[in-house]
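In what comes next, subunit A is part of two complexes: it sits with subunit B in the first one and with subunit C in the second one.
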Partner chain A sequence: MVRKIFRSPVMLIMPSILAIGFVIIIPLIFSFYTSFTSYKLTRPDSLFNFVGLRNYERLIDNAKFWYAFGRTILFLAVVLNLELLFGLGIALLINKITWGQRTLRTIMMFPMMFSPILVGFQWKYIFNDNIGLLNNFLYLFGYESAIPWLIDKYLAMGSIMVAEIWANTSIFAILLLAGLLGIPRDPVEAARVDGCNSWQVFKNITLPFLMPFIFIALTIRSLDVGRAYDIVHIMTGGGPAMRTELLWTMIARIGYKDANMGFANAMSYVSIILSIAFTYYFFTKLVAARRDLGQQ
Partner chain B sequence: MKLFKSILTVISIFSLSFSAFAVDKSFPNDKVAMWGDFSGITLDVKLIGGAPYDPLYEVMIPIWEEKTGGKVSILSKKSHFELDKEIKQDIAAGNISYCVVSNHTSFATQYGDIYRDLNGIVPGDFLAEFVPLVLEHSTVDGRLVQLPQHSDVSNLWYIKSIYEDEDNKKRFKAEYGYDLAPPETLDQWKEQAIFWSDPPNFYGTQYVGKEEAITGRFYELVIAEGGALFDNEWRPTFNDEAGQRALQWFVDLYNAQAVPAGVLNYLWDETGLGFASGTVALNLDWGGWGAYFNSADSKIGGDVGLVRFPMGSGGKRGGWSGSHTYSILNGCPEENLEAAASLIWILTNHEAQMHEARGGKLPTMTRVWDDIAGEMNAEGNAFMSDLFSTFKASMAEDAFTPPLIPEWIPFSNIIFPELQAAIVGDKTVKEALDAAAKETDYLMQDAGYY
Partner chain C sequence: MAKVELKNLTKKYGDVVAVQNMDLTIPHNEFLVLVGPSGCGKSTTLRMIAGLEEISGGEIYIGDQKVNEKDPKDRNVSMVFQNYALYPHMTVEENLGFSLKIAKVNPDEIETKVKDAVSILGLEDLRKRKPSQLSGGQRQRVAMGRAIVRRPDAFLFDEPLSNLDAKLRTQMRTEIKKLHQKLKTTVIYVTHDQVEAMTLADRIIIMKDGFIEQIGSPIEVFNNPVNVFVATFIGSPPMNIIACEINKSNDQIMIQLDKDIHVHCPEDKISKLANLKKVIVGIRAEDIVPIKNISNEQNTLWTFSKEIDLAEPLGTETQLFFKLQNQEIISRMYNPRPVDVGENINFQIEKNKIHFFDYETQKAI
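Let's turn to the complex of A and B:
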């Protein structure tokens, strides 16, 4: 048995196993363990105060958490769909360009180059009710009331969605453009010879070819958007009155400001269900799309 | 862009105004000197940063390094809310071996026993110079864990010219039945704010609208209305009638559009800049903005008045107060202890406090209150003289700290979203306060208060 462990194939993969163990597995086990304790950052001795399922039981009764959970799902659904639509549109337009495509591709990636914190500040001041660009622009056209973009029940979440979409639509555009560039020309030309119009070509040839790329982009972005924190934290901090509270702004406040890390970790593990669900759904769709294309 | 420019202006004004105040390197008015030969010692420190704080470090730390031979290594410098998070993470990671850290009387109780007792490290003669009540607020479980640099309490700033305008006086008297003068009660404040408002161009007043800032504002209004946050057994009582009156005051101003629509996203910079932009009539704020408000760089420079925090129906004024402080960590090596004490001495001594007070910050040393008033009188600076006499009265008669318990910040995180919910109309005042009281009850039970 011991000899088996020290066989060269095992020894060769051992560095990877150790690295994954230290970087991923041990922190996961540790944080999972703390979710069963009353661990507070400011009281390290509370790490050993085992409270069983108490944190999870409290979570089930915590309406604010479930509202944040629901709000995060809504945020994910709207942001992902709009990013997909805009990204697809941009990719299709850029794919048509024969001159300056590289320059446009680079320009298109600019929003991705900004840190989310900077994006948050930028949009916070665009949407500022008093000195913001948007309200002052509206005043030019005779609008006489300050619109509370970051306060109103619906506009606040909408404003954050705009910032998130502005910053990340180009991820969709880049991935879908890569997909468009890889589509074989033969079926498209054959369809045109057979009299298909542009919409029919797009619907029956381009889109099926793009579906694997779309689902890969959706999977990546669903994991990103599910963890949205920086932009929300800067623009509204989850407020006012928790109107824009998402899972991770809530978890960060409970974990770091209240120092209640045990409870925050319990929230995190329940929140992961959301990411797993979205990832599973998109992967299922990805496999189906590949199967439709005759790929494995 | 306008705000960006304003922020840059404020930063430059703060920096310029403070650097313009000369420091006498011989420290002639300091009765206690804590110099020493600290050659070869490097002190690791974490400090609160930002425009109001950096100028003192820029002046004092080079002097300390020059005179003692020691070095200061600033490991981190950030806002107090960010520093608070960092310290909590440091405690969890066991990374608390640096020496000096910025602290605050409202925050210090959260961090357990990571700080050294400064009694015995800092000479008694030096401690005797501080206002006794401020030192009492700096004490946790009988241990003096921090040395106060400056205190904060708020009073009401107003634009003078609008109160002196005869037409305004006539219109106000006709509408409200009493003479127009800066408000003396919370009701007058509300009425006048509504009277002045002409949104979106001009607002009657404003308030900081989120996090601990609005919790503190609510807290002082509860006291002014004759209520309390907790009873003697630490059970929440802020949802009683006094608490409801306090919260209703915020709600009424918001509903009347007497405050900017985005006020629930405002913190101190937004309110300070808003008042200096000349678009707000009445602004509750600390003294640290005073020199800037009245400067040529502010749109209301030379037109700024100041009155004490108006009284509530309980016959008391608001006076939520605290002090910015410095602490020495237990993890600071013994051989660096004397140098660490020397560093916090130079950041809190008479010369440092005079330097800060010239910009409007409130001293924590008894003698500095008199000396700064004398200096301003001698210069014929009536505005600053009035600032210090007003704030001195507040510190002596009105100031009170938040409950000095570790649960203050978690409590604040429970109550502030509920206050906001009532203000924006998602809940009634009673519903919001009852919900916050219920959750606070759990918090206090879990913490073992009852």
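Let's turn to the complex of A and C:
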């Protein structure tokens, strides 16, 4: 029997079994198991303290968690939409350029080259109410009272969104530009001869051709933005009074600061539903958009 | 309902001239074919008329309006593209009705017009399909339908049949011809296929390197090509071209077709050829007639016999290949019989079917 395991077909797929096992399956099973225990990082023996569904019950009753959940959805909605809008605009403009397009494409990617932590620090100092560039700039124009960008409960969220959009709009721009470059010239010209003005060409021809790229970009970015942690952590740390707390800043705080890993893992599993929902939605749209274009 | 007029039309890409000072008037209802090898400027000309290409100089009139600065949408022309250019996300119906929808025609009228176009082109069963579910020929038909629903001032066709297989191409060619007879609109048709040009055109324009080489009816350009280029471009197989020396002996002007073949210059050309040393002789394959016995009527005929290099039987005819002056010559043998390679065959050519071109300028004499 033992021999059978070492037959060549099994041996041939063994590397991938091992890789997937170590990278995905073991962590998955382990973290899922801990979500049913009262595992605290500071007390390793609590790993075997099975508590059933208690973590999940606590979570359902936890208003702060659901606020963070809702805030994350809001964050995703605002950031994705604005990045899409700006990215599309930039892509359309760059697509018009005939000279220096490559250089501009490279320059456009600069924000992506910085670590999100550094982007967070940079914007933190721009938005600082005392020494920040923004308030000092406004001061020059006569706004003498300092605006508490990162302290006000609404402005703080907005400030984080600005930083996030600044850092990542170019991803949209790059992906959509690739889409624009791939649009065949003929249907566009046919539409112009058929009587379309520029806006009608964009609406009726360019946009449908771009749709698959838009949904690919949205899928990628929704996963990315959904796990936002670093920028928020640096800029506000979830404050003021947890007004900028997103799912992962909250989970990280409970898991590592409070060392309450079992509970944090339970939250993570619920949070993942959000990512899956967004991905599923965009992917369905992507498939539909491609089918609409006759691409299978 | 409009004529199209080009005045001194020029297109330059940097220093490269694509179309050079083109003057042309296309009367209403004419089927005009622009033909020429790739890069001759024919498509560029068409695209300038459509407004898809900016013009570098000259003027374009559609109807009585100067359209130089007008957007394609304001020119009231419709165009059929080489690779169909259908809108892949719209059904056949939507593709056909799109231009009308953009023009804000009311839906009932769109419905009727689309129905008309659909029945003219035999697309009834495909109305709800997307382009990806159509065959090449069907797509071509939809592309044409899209052009005809609008009843434009002029139809522009940009090599519309070149993506179809040979059989379908012949079939669509006939349909385009019929369509033109039915719709009675000015058509400007670009192709590199001289057969299409010959069969479809009221008038053919042969272009090369941005210049018009010749304008005329298909028969005119076939029978009286103005230069070697036109002679070899129109007709299939291409006209046989032989550069020959002219010898004068005993007051007679002889043309040396091959090493040992000397023939008399036709009477009517003597005055023109007498002072030349060399001349280009052009003879169509069907005018080099294989015969059993060489006739004695040297007044009207050129005769010679030659060894065959290759015979290609095509059923209705056999094409015989041999060499004159080391140039490959093709002759068409109607009423074919089996021919062996290496066989000596007698040929005769009627003198009045021979074309002469100047050796230097390549122009017809």
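Note that in this section the second predicted complex is superposed on the first by the 285 of 296 C-alpha atoms of A that agree within 3 Å, B and C clash if a C-alpha of one lies under 4 Å from a C-alpha of the other, contacts with A are read in each partner's own complex, and residues count from 1 in each chain.
We take it that contacts are C-beta pairs under 8 Å (C-beta built on N, C-alpha and C of every residue); 3 or more make two chains touch, one makes a residue touch a chain.
The shown structure was predicted, so the numbers you read here are calculated from the model rather than taken from an experiment.
After alignment on the shared subunit A, the placement of subunit B and subunit C results in a side-by-side fit free of clashes.
Once chain A of one complex is fitted onto chain A of the other, the partner contacts of A:Gly70 are absent, as it touches neither subunit B nor subunit C. Partner contacting the larger number of subunit A residues, of subunit B and subunit C: B. Judged by the touch definition given at the top, the superposed model places A:Gly100 against neither subunit B nor subunit C. Within the superposed three-chain model, A:Ala191 lies in touch with subunit C and out of touch with subunit B [touch as defined at top].
When both complexes are overlaid on chain A, the residue A:Thr42 reaches subunit B alone and has no touch with subunit C. Of the two partner chains placed by the overlay, neither subunit B nor subunit C lies in contact with A:Gly182. The superposition places the C-alpha centres of subunit B and subunit C at an angle of 150 degrees about the C-alpha centre of subunit A, rounded in steps of 10.
Look at A:Glu144: by the touch rule set out above, it reaches subunit B but stays clear of subunit C. Contacts of A:Gly21 after superposition: neither subunit B nor subunit C is touched. Nearest C-alpha atoms belonging to subunit B and subunit C sit 49 Å apart in the superposition, given in whole angstrom. Interface of subunit A with subunit B (complex): residues 41-44, 125, 128-131, 133, 135, 139, 144-151, 153, 236-237, 239-243, 245, 253-254, 256-261.
Across the interface of their complex, subunit A is touched by residues 1-4, 81, 84-85, 88-89, 91-92, 94, 110-112, 199-200, 209-211, 260-262, 264-265, 274, 279, 406, 409-410, 413, 416-418, 420-421, 423-424, 426-427 of subunit B. Looking at the complex, you find that subunit C touches subunit A at residues 50-52, 71-73, 75, 77-79, 81, 83-89, 98-99, 102-103, 130-133, 146, 150, 156.
The part of subunit A that touches subunit C in the complex is made up of residues 184, 186-187, 189-197, 200, 204-205, 208-209, 292-295.
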